[in-house]
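Each chain gets a letter, A, B, C and D, in the order it is written, and its residues are counted from 1.
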Amino acid sequence: MAGNSFGNLFRLTTFGESHGVAIGGVLDGCPSGVEIDLDAVQKEMDRRKPGQSAIVTQRKEPDTVEFLSGIFEGRTTGTPIGFVIRNTNQKSRDYSHIKDSYRPSHADYVYDQKYGFRDYRGGGRSSARETASRVVAGAIAKQFLSQIKINAFVSQVGKMKMDVPYQKLDLSMIESNPVRCPHPETAAKMEDYIKKIRKEGDTIGGIITCVARQVPIGLGEPVFDKLHAELGKAMLSINAVKGFEYGSGFKGIQMKGSEHNDQFNSDGSTKTNFSGGVQGGISNGMDIYFNVAFKPVATIIQPYETIDKDGNKVTTKGKGRHDPCVVPRAVPIVEAMTALVLADYTLLNRTIRLDYRPKS
Amino acid sequence: MAGNSFGNLFRLTTFGESHGVAIGGVLDGCPSGVEIDLDAVQKEMDRRKPGQSAIVTQRKEPDTVEFLSGIFEGRTTGTPIGFVIRNTNQKSRDYSHIKDSYRPSHADYVYDQKYGFRDYRGGGRSSARETASRVVAGAIAKQFLSQIKINAFVSQVGKMKMDVPYQKLDLSMIESNPVRCPHPETAAKMEDYIKKIRKEGDTIGGIITCVARQVPIGLGEPVFDKLHAELGKAMLSINAVKGFEYGSGFKGIQMKGSEHNDQFNSDGSTKTNFSGGVQGGISNGMDIYFNVAFKPVATIIQPYETIDKDGNKVTTKGKGRHDPCVVPRAVPIVEAMTALVLADYTLLNRTIRLDYRPKS
Amino acid sequence: MAGNSFGNLFRLTTFGESHGVAIGGVLDGCPSGVEIDLDAVQKEMDRRKPGQSAIVTQRKEPDTVEFLSGIFEGRTTGTPIGFVIRNTNQKSRDYSHIKDSYRPSHADYVYDQKYGFRDYRGGGRSSARETASRVVAGAIAKQFLSQIKINAFVSQVGKMKMDVPYQKLDLSMIESNPVRCPHPETAAKMEDYIKKIRKEGDTIGGIITCVARQVPIGLGEPVFDKLHAELGKAMLSINAVKGFEYGSGFKGIQMKGSEHNDQFNSDGSTKTNFSGGVQGGISNGMDIYFNVAFKPVATIIQPYETIDKDGNKVTTKGKGRHDPCVVPRAVPIVEAMTALVLADYTLLNRTIRLDYRPKS
Amino acid sequence: MAGNSFGNLFRLTTFGESHGVAIGGVLDGCPSGVEIDLDAVQKEMDRRKPGQSAIVTQRKEPDTVEFLSGIFEGRTTGTPIGFVIRNTNQKSRDYSHIKDSYRPSHADYVYDQKYGFRDYRGGGRSSARETASRVVAGAIAKQFLSQIKINAFVSQVGKMKMDVPYQKLDLSMIESNPVRCPHPETAAKMEDYIKKIRKEGDTIGGIITCVARQVPIGLGEPVFDKLHAELGKAMLSINAVKGFEYGSGFKGIQMKGSEHNDQFNSDGSTKTNFSGGVQGGISNGMDIYFNVAFKPVATIIQPYETIDKDGNKVTTKGKGRHDPCVVPRAVPIVEAMTALVLADYTLLNRTIRLDYRPKS
């Protein structure tokens, strides 16, 4: 209810502030018997961690996960998986300037208004550091969903856009560059652009595209919990996200029904896929694909005017080591949230038919 | 879990198929003591009902709500509000052609795959008829939230766009035309265009913009249940929706942080509102605004090829009386879902401080 | 949240006041493909309905269920099952004497305190009439759970006790007498005693014992949602229930571990069953059995003193047609709630192993 | 869903096995601004910890809580409170004898059946060690509920019963003896009896009575989530509990309605309190009191026959350091669960009236 849990049957609860002792979570409902490759989990963490390249924040945090329960002799036991990630590089001093003033387009002001006071060290609970716990859980979800392939990548930075349909991209190239754009030429331009933005002490937004392939038919619940509705919520819950579209998305509104309808092949697959792999809220076996829009990060290393707690004007300046563009590090987060949604619906789907039998 | 409920504290559960006996719902958690204007509820129903103008489906259904419980002597009692809407115009014959074949871009195929069989009369549970129950509950939510003003309107049909920021529109004009576009000149063009599309037996998509004003500061939960994430899910759960963006949305990604940050006034309000009234998932007292993209309706009155249950090709043609463009009738649904989200978070917000006290 | 729903995956939401238009409910999450025998549903309703014998309330209500959705061509479709039961015999006049005063040991006073006012016609939402909706849903749950046998019966009325272990009873005799006690001699005495109590205008309590046989191994979740904990909650949620014990229950506390431990047979069954079919919150395949204690009904047909809304003393007298002893009519309710719990855990149990496969 | 969470608005999720790295939990939904006395939390832990007296298990575990989040400058922030308790005294060797065989009346067998395999070190997740996390959360709930007084105590051990109504007891004596029975003479006898049982290598059951005073009127939800139903579930979720009764309980069934009804005083309080402080599922301001029955602990230090995984008979003997009687250490657990229920309903109660205003 208080909004720190995600999923129903495959359910993650997270805790922790950016500058507290530790962050972590509890993953409840992961079925027993899933073999867990801990290196694969850490590898996902490394894709999200600060300091991994020249175009992300230069904070150094190893982000090492300690599992406390729920895994025994290499397999999940069916009991809750508790884990913690210690905060090792808090540098609370960096944030002393924001104790009594509100950074524009951050959550400082609304937290004070909502809760009466706030943990003013860094973003506290509103910091994107929380997403590290999501990546842990998402890495386990991926191992549970071994047959589904989930790949996210950067498709736009500012106005710089990769105009290639995902079907024509080599998704194995995503990790070949620090931007995580599978089109090397565009990636190089994006990288240069992000470096330029950082020099200005400014930030820029971008788009992440995500594709899930080999998704079984039937995931998603009619009416309120449509598969794309839950994916949309999952994405919009990631820090800095401003928009979500799937399949034909916002462009699809300009099409006529006679153009937009996906005609069937005789095996139930469709000739086109404007539907984005989801019909009536339920997966139809085609690729699921969607776009996620990220705003420019609010922390800029430039002087700006703002107000303090009493409404007085103050002039201040962003400090610390922040991301000039959030999308490269957000790629594993988008994948993690996608995996959590698909894992939850996979379990739920086992309950909807009298004679349900999983495919062998 | 099975996806027929929405909200936690202010919670709607709906039931019913388009061609069954009745649809309806249970609204649980509406506080006691809310004065209910039943005429206002029916008025919202009339905005959604078929046959209301020349540009919507010509089916005739009175959509009369019968309340069964939870309201006594004109006020809510705090007990669940049960209601039914009888289906009076099912015409099951209209749908006999789809019993054994799958309409493209409808949910027929995935329902059969997921559940093993389906109620083939009309869309069954996947029909937009279900949204009538949402409008009932939303109308009650609006009365509970009396101080918040929620207005949705059509801002785009196909490529035909109203390029006026909502602040410059006279929202009292929304109901002045059948399109529900508050800009009369654009509305007239849209109306003509929709009529032309209908003559072709085709359909077209559109965008609905929604604005919520006078929203108290503090609604929304950090992390997974951010206010805009739940609004996004609510909108994406409406039939035919393909995308959601709030505040600066997809355009915001092209901006720099130095442009996009909303500077504070001394009273805590902001000079700009790229944030769309939400900071870190929590309302900040500024207007909340967002766009919802609707695809072209899948039912077209043209011949098309598709497959039957055995994968054989069949040629068929849409029949019945369908909407050439769904957005005019979807306006009250968008408002209803917005009201349900805000009502739920309003109640939740009472629980988050030791010393919580509602404003008098 | 507001307490009108029960179950997670197999979930019932009820609505309705005793003297409103109708009561009813929505059963969400029942799997598709369950063949529904509507006569069997009505038969369960008839076991609960008023006026069925000389020892229950003489109100006449046919309690006819109308199903509105979710069942098509004799089978469940996987969509929510909505149903209503019209109130046909409200006689609001019977209750005019309680509009402004509080009946002792009823919920009148606390409803006024909690909600600010109440529907004073009869018990409103606190009336046991609500349990009719539970019996509908329980009857569907029983059909889903066809292999599990659930039998409840009256084992004590006042001090009159049937001292025979359930294994030695012929449970097919339960319906052979109006008390629903499978031991005919005791049943006859109980019947006479209840008639005597009714003549006095008084009421008396009792115990219902419930046995569930052929329950698969593995139902129930560790820790908070132990099978017996949820059964306990289900029973305690029935009007007038004051206690719950399972297996050895309150008597078991006097035993030593060496006596109480259930020794295994080589097939995993146990020689004794003090555990009541549940070990560590999980069913072990042995019979589940438990006792439910019902207090004497609060409505008595005798003069009594009480207070009005202003705290003034008033003398009044119970009117209307009430039950001298609630247990005979509560038997189908106990069975219904048991079935709802077992159905919910049956579905949940499909989600807990990677390689889950239902028994054929 | 998987049963490791308790509560809705004030919600505890626990994790951890008895012999893993650590146990712990996340308490989500605790309102901001609650001053937390960490010493008081640890003091509750010390009441539950092993080795505290001669009549409990002689294992030594300090059970030190480390808080990881959600508390800042001595107050709760409204964000989730994460905490861990390291396991320092696992001695896995003690349990090697149970790896391949099933202890009678333990959860070993059903865990293997349900999950396919189990963490065989100690009870794993089914160990009562999990309840340490409940005591942490309960200690915070108590501080949130500062005006409510919750006292549990041992009222029966085996057949040894304290026949004094709680109103005549001096509850400040509870902690004066290791049994936690507030009647010193009975306590001394119970202590001797437990020592005798321990010498025999056997175990014995008991009853804990709990009283909650100064509970506001209005807590509890009608129908399924009655206050006593949730209390019942909370108690039955504690390891070894076999029964629950509140107010007049199982004895009340022998009373007539004319004796059992609680007559009102003019201030709304009642002359008697057979209702146990709850009417129709809602607190009425009178003392809430209930009894919880605990079976004899299953681990006995005597030779016994049982089966191994293949159904072969094996003779084995309990080892390790176990409790001869669980009730003295369960007293703080009963109080903790009571506090969690009352905290949850206190928050929920803020949402049920349009004009809700907390008492100042």
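In the analysis below, contacts are C-beta pairs under 8 Å (C-beta built on N, C-alpha and C of every residue); 3 or more make two chains touch, one makes a residue touch a chain.
Being a predicted model, the structure only gives us computed values, none of them experimental.
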Set of chains adjacent to chain A and to chain B
C, D
Chain pair, A-D or B-D, that carries the greater number of C-beta contacts:
A-D
Approximate Å spacing (C-alpha centroids) for the pair chain B, chain D:
46
Interchain centroid distance [CA atoms averaged], chain C/chain D, Å:
26
Per the C-alpha centroid definition, the whole-Å distance linking chain A and chain D comes out as 39
Among all residues of chain A, those touching at least two other chains are 1-2, 4-5, 8-9, 14, 29, 32-33, 78-79, 114-116, 125, 222, 348, 351-353, 355
Which bits of chain A are touching chain D when the two form their complex?
1-2, 4-5, 8-9, 11, 13-17, 20-26, 28-29, 32-33, 66-70, 72, 75, 77-82, 84, 114-119, 124-125
Parts of chain D lying in touch with chain B, wherever the complex brings them together:
1, 9, 29, 31-34, 76, 78-79, 144, 222, 347-348, 350-358
Chain D contacts chain C in the complex at 1-6, 8-9, 14, 102, 104-107, 109-111, 113-116, 123, 125-126, 130, 156, 158-159, 197, 200, 202-207, 217-218, 221-226, 228-230, 232-234, 236-237, 239, 242-250, 252-268, 270, 274-276, 279-284, 293-300, 302, 304-307, 311-313, 348-349, 351-353, 355
